[in-house]
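Below you'll find a set of structures to go through.
Paired with chain B in one complex and with chain C in the other, chain A is shared by the two complexes that follow.
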Partner chain A sequence: MTLFDALDLALAAIVLGVAAWTIAAREMFSAVVGYVAYGLLLAIVWVRLYAPDVALTEASIGSGVTGVLLVAASTRLRRLPAPDAPPGAALKIAAALLSVLVTGVLATAVLYLPNPAASLAPEADRHLAATGLGNAVTAVLIAYRSFDTMLEKVVLVLAVVGVWSVAPERFWGGQPAPLGPAAPDAALVFLARILAPIGVVIGVQMFWVGADDPGGAFQGGAILAAMWIIVMMARLTEPPPIGSGWLRLALISGPAVFLLVGVAGPYMAGSFFGYPVGFAKPLILFVEAFMVLSIGVTLPLLVAGPPSREAGQ
Partner chain B sequence: MSLALTLFSALAIAAGVFFFLAGTVALLRFPDSLSRLHALTKADNLGLGLVVLGLLPRAGSPLAGLKLIVLWALVQLSSATVAQLIGAALRRQDVPE
Partner chain C sequence: MSASTIAGFVGSGLVGLGLYALIVNPEPLKKLLAFNLIGSGVFLVFGLVARRGAVGAFLFDPVPQAMVITGIVVAFAASALAVALMLRLADESGCIALDPEGGTRLDDGAEDT
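And now, the complex of A and B:
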């Protein structure tokens, strides 16, 4: 066993340990902290599996933005009155059975995978030159399986609509609650002022290099989203009213531009979601730029939650 | 890479790892939150600083080296801010733990 094997085994053990601890934690907030740590460890696992793109996504979205989302949700839940009765035995057993079933199906699927696994990697690599890209992951997401990626963006928009739709009727079109206390810590304001400009540059750079190196629209968009969240938490800006036209336009711009380019495919390249030869890369970056915008707007809106006051109040 | 640079790299990284180890032990052993916070920020600051210093000769290009330094500076910024925020929260709650 080499040193790296031993380190990998130790890493796997820690991931499993943190996962078990997260499930066993009695306090909701502890469980959230455990989940964030679990996500960061998982990102290291992806690095060890030579999947830096997935590692970046896991660290930024899986652990970072989802972590903020869960912290916000647990804070909001704590403010609600405690339920009258704790969940009964039947509910607990049903939840346990469902979890065991999902785990069992996943385990079976993984164990029955052919060995060596059937791989489309050589195929993806062979046609990489036709897309003009250097990063096969971006090629898979935006070229080979572009329709799937477009639908994923639609799902994100639907998630925001779902969050908004729990708002009371009178607040429709209004503003979500502020993300922080009225007088935030001076240190947080300082961090937001310094970090936000740097983070925006890093986010855009991560999207731009994604064409040839690890990175891409998802990771870049998630960093932009994090910057907006920090600025809102420091109360340097407020969550926008959900009725605002530019906000809704930004929200749907990613899937909308993607769909338009896809529909133009038959005229440009002879197939639905096809890119013309020699002009694929600029078109892919064009689509991705709007996806960055969409993701950068969607994730903070999910964190901000449903509108809870009328616009301008 | 010359022997001196390799040696410098190894020594700096080893020193950085030592600070991380010491910080982790302190995090587990120190009695109250403020002391633990103090230990944690030292590990971030000196530990990561020394690891980055040790990696600089191995960075390959000046740009890669600059990225490492920026990384360290960003971690400094966030770790100092988080320490302030946790400290302020502790003061507000006035928890003895």
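And now, the complex of A and C:
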């Protein structure tokens, strides 16, 4: 067994151990902290799978932004009593048996995956030069499967509409609750002031290099989102009223620009969502820039939740 | 055993852990956590499929990886919607059970509707 084998096994044991601890923790807050650590460890597993783009997404969105969402929710639910209906031993045993069975079936499937494996990598490689991109994952997202990615952005907008629609009717158009306490910790305020400008530059950089290297619109947008969230947690700015016109414009700008470029495809390149030869990369970066903006606005709004007060209160 | 096969087994294990917690844990927020564990387990197994699709200079098949990236983002959006519904349910019912009738109540249930 080489050193890397041992490290891989140790990483696997730690990931599964932290996951088990997360579901076993009594306090919801401890469980959420465990979940954030779990997400970061999982990002290392993704690196071992040669998937740096996925690792960046998992670390920023799967672990970071989801962590903030769950911490905020657990803080708000803490004052309420837990439901007093622990499941009986029979249900626990049945659930354990079912889980072991599902894991066993999946693990067997992992061992008996078809050989040689099916792959679209040669196809992706063959047309990569035509897109002008160096990162095949970005090419899949914005060029080969562009229609899917556009619809996925629409799903994000629908999720925001869904979250907003949970608000009581009298608060419609108002502001979500503040993300931080009335008197935030001085260290947090200092961190937000120092980190946010640097983070914005890193986010834009990650989007820009994503054309050729690991990174891209989702990862860059998520970092911009995280910076806005930190600034709101430090109460340097408040969640915007959801009735704001510019906010809604920024929200839909990603899918809207993507759709416009796609609809212009038949006139520019002869096919729906096609890019003209030789001008593909500038168009792809143009679409991605609006997606970064849109993701950077969408994720903090999803974390902030539905409006809970009238605008300006 | 290669690093990718180990990752596939970790994914299988995570699905099992998440499924158990989803069934056994009565708290909605912990159910959501468990559901996210299942999701990341499924993503990992799919990541193994991407890694096995390595051909020539390509160390991975980019198509499953791109789908996992969109999957992570959509999973977050769904979690945010679930949290919003959960908090509203807690505001309305005064308890954090999925079934307010079966859970502990803050008030005595006099304004029960």
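The working rule: the second predicted complex is superposed on the first by the 277 of 313 C-alpha atoms of A that agree within 3 Å, B and C clash if a C-alpha of one lies under 4 Å from a C-alpha of the other, contacts with A are read in each partner's own complex, and residues count from 1 in each chain.
Rule of thumb we're sticking to: a residue touches a chain if its C-beta (ideal position, glycine included) is under 8 Å from a C-beta of that chain, and two chains touch if they have at least 3 such contacts.
Worth saying up front: this structure is predicted, and the values here are computed from it rather than measured.
Of the two partners chain B and chain C, it is C that touches the larger number of chain A residues.
Once the two complexes are laid over each other on the shared chain, residue contacts for A:V102 go to chain C alone; chain B is not touched.
Looking at the shared chain after the overlay, A:A90 reaches neither chain B nor chain C. In the superposition on chain A, A:L195 makes contact with chain B only, not with chain C. Look at A:L3: by the touch rule set out above, it reaches neither chain B nor chain C. By the touch criterion defined above, A:D185 reaches chain B but does not reach chain C.
Listed in rising order, the residues of chain A touching chain B in the complex are 185, 187-188, 190-191, 194-195, 198. Remark: chain B residues 74, 77-78, 80-81, 84-85, 88 touch chain A in the complex.
Residues 1, 3-21, 23-27, 29-30, 32-34, 36-37, 40-41, 43-45, 47-63, 65-66, 68-70, 72-81, 83-88, 90, 94-98, 102-104, 106 of chain C are the ones that touch chain A when the two sit in their complex. Here chain A touches chain C in the complex through residues 4-5, 8-9, 12, 15-16, 19-20, 22-23, 28, 31-32, 35, 38-39, 42, 45-46, 48-51, 53-54, 57-58, 61-62, 65-66, 69-70, 73-74, 76-77, 80-87, 91-92, 95-96, 98-100, 102-104, 106-107, 109-111, 113, 117-122, 124-125, 136-137, 139-141, 144-145, 148-149, 152, 155-156, 159, 162-163, 166, 216, 218, 295, 298-299, 302-303, 305-306, going by the rule given at the top.
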